[in-house]
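Structures incoming, each one as structure tokens.
One chain, chain A, appears in both complexes that follow, with chain B as partner in the first and chain C in the second.
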Partner chain A sequence: MSSVVFFVAAIGVLAGAIGVVVLANPFYSVLALVAHLISLAALFLLLRAEFVAAAQVVVYAGAVMVLYVFVVAYVGGQDQPVRSSGPGLRLIAALFGAALLCELWIAVIGSSLKSLTEHGAPYTPGFGSPSQIGQLLLTRFLEPFEVASFLLLVAAVGAVILARRRRGLGDEDEERLPGFPAISVAEVLSGRVPTGSMAEAAGLGYEVGESAAGTRRQARGGW
Partner chain B sequence: MNALLAVAQIKGPHLDWAGLSPLIALLGGAVTVLLLGLLRNRLVRRICVPLLTMLVLAAAAGLSIWRWHHAATLVSGALRVDDLSLLLGLVAIAAAAACVLLSLRAAAPAVAGEGEYHALLLSTVSGMVVLLAAQNFVTLFLGFELLSIPLYVLCGSELRRRGSLESGLKYLIVGSVGSATLLYGLALIYGATGSTDFSGVAAALSSGSLASDPLLLTGVALTAAGLCFKCSVAPFHQWTPDVYQGAPTPITAFQAVATKAAAFGIFLRLFDGALINAQPSWGPILAALAAITIIVGNVGALGQSSLKRMLAYSSVAQAGYMLGGVLVSTRLGLQATVFYLAIYLFMNMAAFAVIVARERETGEGDDIAGMVGLGSSRPLLAWPMTLAMLSLAGIPATAGFIGKVYLIDALVDGGYAWLAVVLVVGSMISLAYYLRVVAAMWMRPSAGVAGARPIMAGGSAEAPTATRLSGLEVSVVAALFGAATLVFGIVPSPLLSLARDAGKALTGIF
Partner chain C sequence: MPIVWYVVVSALVFCIGTYGVLTRRNPLVILLCLELMLNASNLALIAFARQHGNADGQIFAIIVLVVAACEVTIGLGLIVALYRRRLPIDVDQMNELQG
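For the complex of A and B:
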């Protein structure tokens, strides 16, 4: 039974992964990625990693994929085909991919991995269960856990900084300040250089029109 | 019920707050700086935020010095704070402090927001501290990401300049490929050895024939490739010139020095610590990579007219020199690498500080034309640049000479004399482009007038502002690090003894 599930899921994983790169329409690529991730979750279940399987479905197949779909719908991929690299580049890419595949096969087959022909490492009940993972995160891996939380904060701050660029792109400052030496202290003082904070960047997005942005700058000129 | 009671009795790991204190100072400081940056007052943002950042860095440096000689394994074996991690951490902290000074009047913090800019700088330093002290693969990878992600944003932080955004995007894509490769390699090493701890990997490799296992070697190769991306070792260096040129110059200076220190620190810890028993397998391959890197970097730098691109290729070559110290896997090699990373801070920072000054004073950007006639017009900037160039080339009486002698000694001692020859040949090639900068500064005095003309043509109203913007702090950074290059070239013994202490941190090598 488990081998049947394994082969079904493995075929799903491979087909999904191939579909992501082969399909020309980005929307289908995203759907293939969803199929790939769900099949992967089935493989995790076979390995009795229920928590990883659940996280895979909820986080990746759920939340992250919704974001992907949003981006694809927002940018609209159909008029621009994804594949546009030259034939030479594709040949080299195929060669490198084949070389890497050979290397990995040699590594896997020639290794001392005993699980290829046997039933793998012994399974102790409770291994990989949510309670055990939680316990490890608060004991042995406490430090990585805390660092990961900080990493998420840093990523959010970085995303806000980069997202703020949108507001500045369309306005007249872009033409006036093409390079770095042209931004002077005087212009920083008069508020021409965006000096907003995180809250502002989150609150005032795309919709703020040219005129609204202009009045806002004037209103802020006082400080 | 019993199960509930058993769960309730689980105790968290013992926290050695003293050992963790430099990291806590950096992380807490990053959050405080971020919050302070939210205040809209111009005085707070332009002055208090950099000041607080400097205070945080000073606190972290002071706490690191306090922990010197107090080696400890922290948080149930996740981190090992010893002299090696502390010394390289101090290099990163010093580079960050110089970066804060250099960006005082730069455009990038004003565009990205002072609080966010400096908070990201502090978080990337804390990522380096985590990475340098990592004792298992999970900590290693998280430290690697905490180092990288803020740097991607910082490289693109001059949001209105196309080059900066291009730099950030390229660094993000190439860096992500490097991270993925590293992660794949770490997973394969885990598969082969059954342990994510460095000590467990070392123990698994010390017994039996696992050291020549194909799965392990594939993992080691992928891990090395991932780390080589970060150290910009050829052939994984192609991103370096574009990213260095496009990023805001203070950030370029920081990442050239600090990223190398952190990446080579973990290279030493992983390869000369956990994977030491597989050294016969990976040593020759890394030696070949080092030789390629030295040649590619030095030849690539020859044709560059942009100083930042030139220093990028030079940093590729220097990475090749330092890789030599890693691959011999001797205590001497470890000490030589650590020493070279420390002096690399001085010479690179001096050079980049002068570039920052000239970028602001002339309209030439970072082109070598901006250096023409500097010797007669601005000797205070010309001397640090000269010292930095001579030191990078390895001329006697500069710190670079001592560092190279140390590395060559380690290479010959470790049985890689041919690589030492490559290193010397590479240094000879490098003289061509380093001396070109020196010659431009001192041997063409008449160009001082010509250099001033573009500013006048650009608009006379802007010219006085632009000249004043260069700032005292940039000259101070240049003079300080230039002087250090000279001082440690003549009296290297204090730094040598520090490197010797750091070299004692790893126990598996001789």
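For the complex of A and C:
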């Protein structure tokens, strides 16, 4: 029974991975990755990693993939020609992948670990359960846990700074930065200054006289 | 199933991901292929955790999951920033730092 589940899940994992690489439209690549992740969660369950499987499905296949879909929709999932820089590079990449596979294969066989061909250590109840993982995370692995939370904070702030809407192009930013007096609160409130807000992007709060082209340029933001 | 089967699947997925990173030109798809490689390493970690009956490998996999989420966030932020500057979404044309 478990071997049937394994083969079905493994085929799903490999098909999803190939789909990600081969499909031309990035949107379909994201969907293939979702299928890959869900099959992978099945493999994790077979390996008694219940908590990791649940986290994988909820965090990865749920949240992160939604982020991907949003960005693909925003950037426009234009059909990119699958062609890479040339057939030569693709051949080299394929050779490199094959060489890597051979190397890994040799590493697995050469390790001559007898336990690799067995079913693993005897199963003890509670292995990989949320309670065990939580206990480990809060006792032995407290430091990595805290560092990971800090890393998440840094990444979130970094993403906001990278993707925020900026006023005009780079030069305008530069010339307004030094003294700050260029914009007053009253001006912002009266809507005469592009604030880079969402209301502005929707075309609200603009001077009537401004040309449509200027509005678009400002509203799209420079950065 | 013997543990070695999981390791083989992991190696295959890793190689497919490497091929994708090397050939695709859309940075979004390159990020997806990086995810594939990280997932392959996760599978190997969890397989070895099962082999030894020790949950430390699963903690490692969870930390890898967190790092992957951070990498995705930053990468997607970069792609959005590229799009805002009207630069082509193509890694072959992003060569201004090439000197």
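Rule of thumb we're sticking to: the second predicted complex is superposed on the first by the 154 of 223 C-alpha atoms of A that agree within 3 Å, B and C clash if a C-alpha of one lies under 4 Å from a C-alpha of the other, contacts with A are read in each partner's own complex, and residues count from 1 in each chain.
Following the convention adopted for this analysis, a residue touches a chain if its C-beta (ideal position, glycine included) is under 8 Å from a C-beta of that chain, and two chains touch if they have at least 3 such contacts.
No experiment lies behind these values; they were computed from the predicted model shown.
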{"item": "Which superposed partner A:L162 touches (first chain B, second chain C, both, neither)", "value": "both"}
{"item": "Contacts of A:L104 with chain B and chain C, given as first, second, both or neither", "value": "both"}
{"item": "Of chain C and chain B, partner touching more chain A residues", "value": "C"}
{"item": "Partner chain(s) touched by A:L137 [first = chain B, second = chain C, both, neither]", "value": "second"}
{"item": "Chain B versus chain C as contact partner of A:A148, first or second or both or neither", "value": "both"}
{"item": "Common interface positions of chain A, toward chain B and toward chain C", "value": "104, 108, 140-141, 144, 148, 151, 154-155, 158, 160-162, 165, 223"}
{"item": "Complex contact set, residues of chain C against chain A", "value": "1-9, 11-20, 22-26, 28-29, 31-33, 35-36, 39, 42-43, 46-47, 49-56, 58-59, 61-63, 65-74, 76-81, 83-85, 89-90, 92"}
{"item": "In the complex, chain B residues that touch chain A", "value": "7, 10-13, 27, 30-31, 34, 37-38, 40-42, 45, 74-79, 105-107, 110-113, 115-117, 119-120, 123, 126, 130, 138-139, 142-143, 145-146, 149-150, 152-153, 156-161, 165, 168, 188, 191-192, 210, 213-219, 221, 248, 359-360, 363, 462, 465-466, 469"}
{"item": "Residue ranges of chain A in contact with chain C within the complex", "value": "2-3, 6, 10, 13-14, 17-18, 20-21, 26, 29-30, 33, 36-37, 40, 43-44, 46-49, 51-52, 55-56, 59-60, 64, 67-68, 71-72, 74-75, 80, 82, 84-85, 89-90, 92-94, 96-98, 100-101, 104-105, 108, 115-124, 127-128, 132-133, 136-137, 140-141, 144, 148, 151-152, 154-156, 158-163, 165-166, 220-223"}
{"item": "Residues of chain A touching chain B in the complex", "value": "103-104, 106-108, 110-113, 131, 135, 138-144, 147-148, 150-151, 153-155, 157-158, 160-162, 164-165, 168, 173-174, 177-181, 183-186, 188-189, 193-199, 223"}
